[in-house]
Amino acid sequence: MTETLQANLISLEEKLNEIDSQISKFKQISADEGIKLNEVVEILERRKLQLLDELDAWQKTLIARHKDRPLACDYINGIFTNFTPMCGDRHIMDDHAIVAGMAYLEGRPVVIVAQDKGRTTEEKVLRNFGMPHPEGYRKALRVMKFAEKFNRPIITFIDTPGAYPGIEAEERGQALAIAENLREMSQLAVPIIAVVIGEGGSGGALALSIADRILMLKYSIYSVISPEGCASILFRDAGKAPLAAAALKLTADDLYGFAIIDQIINEPAGGSHRDPKSTIENVKAALISNLDDLCRVDKNELLNGRYKKFRNMGVFCSFDN
Amino acid sequence: MGWFSKLLVPDREKSKVPQGLWEKCPGCQRVIYKKDLEKNLWVCAQCGYHFKISARDRIDSLVEPGSFKEMNSNIGSLDPLEFTDTEKYCDRYKKARDKSKMNDACLTGTAMLGKNKAAIAVMDFFFMGGSMGAALGEKITLMTEFATENRLPLIIVSTSGGARMQEGIFSLMQMAKTSAALARHAKAGLMFISVLVDPTTGGVTASYSMLGDIIIAEPNALICFAGPRVIEQTIRQKLPEGFQRSEFLLKHGIIDMVVPRSEMHDKLEFILDFINSGERAVE
Amino acid sequence: MTETLQANLISLEEKLNEIDSQISKFKQISADEGIKLNEVVEILERRKLQLLDELDAWQKTLIARHKDRPLACDYINGIFTNFTPMCGDRHIMDDHAIVAGMAYLEGRPVVIVAQDKGRTTEEKVLRNFGMPHPEGYRKALRVMKFAEKFNRPIITFIDTPGAYPGIEAEERGQALAIAENLREMSQLAVPIIAVVIGEGGSGGALALSIADRILMLKYSIYSVISPEGCASILFRDAGKAPLAAAALKLTADDLYGFAIIDQIINEPAGGSHRDPKSTIENVKAALISNLDDLCRVDKNELLNGRYKKFRNMGVFCSFDN
Amino acid sequence: MGWFSKLLVPDREKSKVPQGLWEKCPGCQRVIYKKDLEKNLWVCAQCGYHFKISARDRIDSLVEPGSFKEMNSNIGSLDPLEFTDTEKYCDRYKKARDKSKMNDACLTGTAMLGKNKAAIAVMDFFFMGGSMGAALGEKITLMTEFATENRLPLIIVSTSGGARMQEGIFSLMQMAKTSAALARHAKAGLMFISVLVDPTTGGVTASYSMLGDIIIAEPNALICFAGPRVIEQTIRQKLPEGFQRSEFLLKHGIIDMVVPRSEMHDKLEFILDFINSGERAVE
């Protein structure tokens, strides 16, 4: 089913590619023949942007999950220097769905905690498609407490379909592991920045997102449930995922409008996979400026600010019964 | 999260086969005189099956009679997403309010257990499957903050189908909000007892429900993050017998104790006594 | 092999039983016939004490492991009221080798953490013969941190052959779990009393014994390694366990002499299994008096005292090289 | 604990087959010219086998040349149990001292790694199998306390057959003593890096070795609480391939990284730089 729904994105990509090739063809002609075709090129560029403006929530969902979309490790390699992984939850296993360690951001020592889905089939299996087990959350928490002890800011990269739903995960306290991360992150006395780079899947994403700043790539999503899950439960038809995607208001624009996130990081037309390098540069710039802001804030103010930030999330009313 | 609101229709409604004065026990299939059930706190005298009960009935069974003082009762959810599935969320919500005479899926307030005053929040599965929206999150948070400010122990009785999907990201963020409030309560050295009843699933499990200094479950309650059907779909395997039930969680070290409904009040009172009694050893 | 070595103890017990039955026979005669046999009884009593005075380290080891020796649960039931177990490490399992929970000691709220070997075959299997897995130590630590949070003194009962040596135990960080307990217990800001009631086996026992007061039953042992293990390594013959037991200086008397333990709790002649009730009363009295002492101490003093206590353990010298 | 001192005779002695200038590699059985081995930090260039090395050689490989300032070198053990097995402990101990020109199984002091001053303790397996007695415990504790007082990061390189049984209960108590000292060091917000080399077992593993903020192992080092033979005897089963080796522990989440000897200095320097560099984010 997802495949038929994917057709949607493929046809978009085809159109974009077609326009792109036309643009370069006309540019070529323009150069070779000395004819001014600027107007044609402009029209095509405008058509392209129009197509992208019209992207609906479901198309953005597909872009957020695009197989060529840059993954956490691409950002880590592209943005930081001397990344040195730290492994293990000190109990059961090193969960490869979580990548964590020390690194420098333009000379600033920071601690990174990231979800990575894996690129190749092998990597995907190793990283369990970016779905952490409880041990992944405990590894993340251990490394974040390390960051707190040594007063290093924390940067998290969010990209997960959700916490892994499996027998062992339930047996070993998946819910508890997530809950503890939520509680502990709210009290970590160092700046925390979370960047949603792809799929922000439910509690499994939230468990690394109790941050002072939440940034989102333009075509990433962040949601209480996957559109497919929502469709099958509330719409009683998993095929209605596009409808559910729209209803859930899970795009960066939506969430920025709700003041749930703090900043949208720009992506190239059509998605970051069409130009990873520029996206990585955008993320880097956003990280630096946010980090520099946060590092100026005193510790108590930081913690109070973080508390208030999440304290104020939620829209409710008062009835006169 | 949220997978459950479809799967779990409140038992009492489902099993309303013998209308009126009688109730069929989903545990042993016996038909029981309703008044007897009520007297027995809605636990089957034959097989020990724990029927789902409303938040009000639960409070009656837990605290000293007449001691519950409700707070923040008028808080309700809005519809920030203007969400519609097969029905408009605002309509669905209004129906739930009308039917339950509650404004959302929990009651909060203070109450006495023996000589101990406690802040208490009790969820209600009959209100939209105990799903967690902004109103529920706000009420839990307010009660937790009240407990912190007044140095009170906190008791939360959870039962939930998970997130209230119709409130989208706002629903998800209640996990963060409640957990942060509990962090402050814990840091103040105060006691939080989490009581889990059938079913406690999804986002509620993955936030405040699992953060108790003591975690107690009623017998045979389903307690999970991902529901059994989701897991079955993922791993394409039959799940083991008793999987995700209270006793299973006890064995796997996740909860402290399994306590039948009839003993819950005494157990809670014991714990509060233990914490409050006498002078503390070292000050 | 242990069986032939056990013969030693059995013959002692037979002798004791014989003397006891003679004593009661003479007492009976004395009562029935009105004859004064006090002198005979006295001689027998003296012979009995003499036999017990002569108990060597190995015999004490056998008594410490005696199948009828009271177990932690016997002390818990006999000494405390309203014992309410707390279960689980909040991750993997509830390790039944560790029994932990809340209780009252003559009205004083205390937290108990104990090792119990199990009495029946079923219990022995359930409790893994008193050999905890890493989860047992983590359960213990969780409960002890609970005690600290709510300012309740901790009482531990030590009775283990040692931490379980198994594949899963190693995989899940047995060493790490013990080490963390050692570190964390040294900092717990509540009074801690440890009572060695049977076998204090190595690191597995130490992991619950970082206490302000360490009490030992008269016929219990506490050692860096079992006599059998020591014999097979250093004496190259496991049969030399009695020799190793003596060499290791593992009896309560030895350790009191070394100032490693603070108090010896008396047991009836021949061992606590010959009169559990009186032993339980002795332990109770010792707990109350030590607890009352410790509860008078200010928190900083308590922690400094605990630090110094262990800091000073170890005999070394300075060479002039 | 302690099970190992019998089982593990230092490899270099065992494999002294080609006397003098040559050494046989226990990894690939090749015979290697000793000078080459030494140049390569006693790592086989063919198969990467890490030979055991003395504490002095280890320090040379780890810290800036000439920067190591030894402390407490004259501390040695006594014989409080007057222990005798097949030999008197005091005689055995004297032989070890004479042979090693050390007073016990570790060297402690301060040293530089790049621009970072650190307290450092390095164990020596050649001294009675790196067993932990009162002298070793005292030296580790003194070094830890020195680091705490002087706000220095601490590096401990562990290798040990376990407890020094001949010191009985005093040996066991070194676990408590060192761990308590590390608790204070950690509480002061200071960094402890634990480096584990082949073999690290028993009481040393179950105390300071496992308490690092970062735990690093050399490749293929045996790291365990209970030794393989003890476990085999207990469970009467063959152990899995690679069980209790560095890579196994990495996979099981117990250690942070496996670092070959040739890169150890740089890795340690990186970590110390990371902790010390720049201004701290929030003060």
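By written order: A, B, C and D. Residues from 1 in each chain.
Criterion: a contact is a pair of C-beta atoms (placed from the backbone, for glycine too) under 8 Å apart; a residue touches a chain by one contact, two chains touch by 3 or more.
Quantities reported herein were computed from a predicted structural model and do not represent experimental measurements.
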{"item": "Reference subunit D; chain at largest CA-centroid distance", "value": "B"}
{"item": "Of B-C and C-D, pair with higher C-beta contact tally", "value": "C-D"}
{"item": "Between subunit D and subunit C, distance of the C-alpha-averaged centres to the nearest whole Å", "value": "32"}
{"item": "Whole-Å gap separating subunit A and subunit D, where each centre is the average of the chain's CA atoms", "value": "42"}
{"item": "Whole-Å gap separating subunit B and subunit D, where each centre is the average of the chain's CA atoms", "value": "51"}
{"item": "Multi-partner residues of subunit D (each touching 2 or more other chains)", "value": "186, 252-254"}
{"item": "Touching two or more other chains - residues of subunit C", "value": "90-92, 171-173, 176"}
{"item": "All touching chain pairs, where touch follows the definition stated at the start", "value": "A-B, A-C, A-D, B-C, C-D"}
{"item": "Contact footprint of subunit D on subunit A as seen in their complex", "value": "82, 84-95, 102, 104, 107-109, 135, 139, 146, 149-153, 189-191, 295, 297-299, 302"}
{"item": "Subunit C-facing residues of subunit A, complex", "value": "90-92, 134, 171-173, 176"}
{"item": "List of subunit C residues in touch with subunit D within their complex", "value": "163, 165-167, 169-176, 178-180, 182-184, 186-187, 202-203, 206-207, 209-210, 222-225, 229-230, 233-236, 244, 247-250, 254-255, 258, 260, 306-307, 310-311, 313-321"}
{"item": "Residues on subunit B engaged by subunit A in the complex (per definition of touch)", "value": "1-3, 5-6, 73-78, 80-81, 83-86, 103, 133-135, 137-138, 141, 163, 165-177, 179-184, 186-187, 202-203, 205-211, 224-226, 230-231, 234-235, 237, 239-240, 243-244, 248, 252-254"}
{"item": "Footprint of subunit A on subunit D - complex, ascending", "value": "186, 189, 191, 213-214, 250-257, 267, 270-271, 274-275, 277-278, 280-283"}
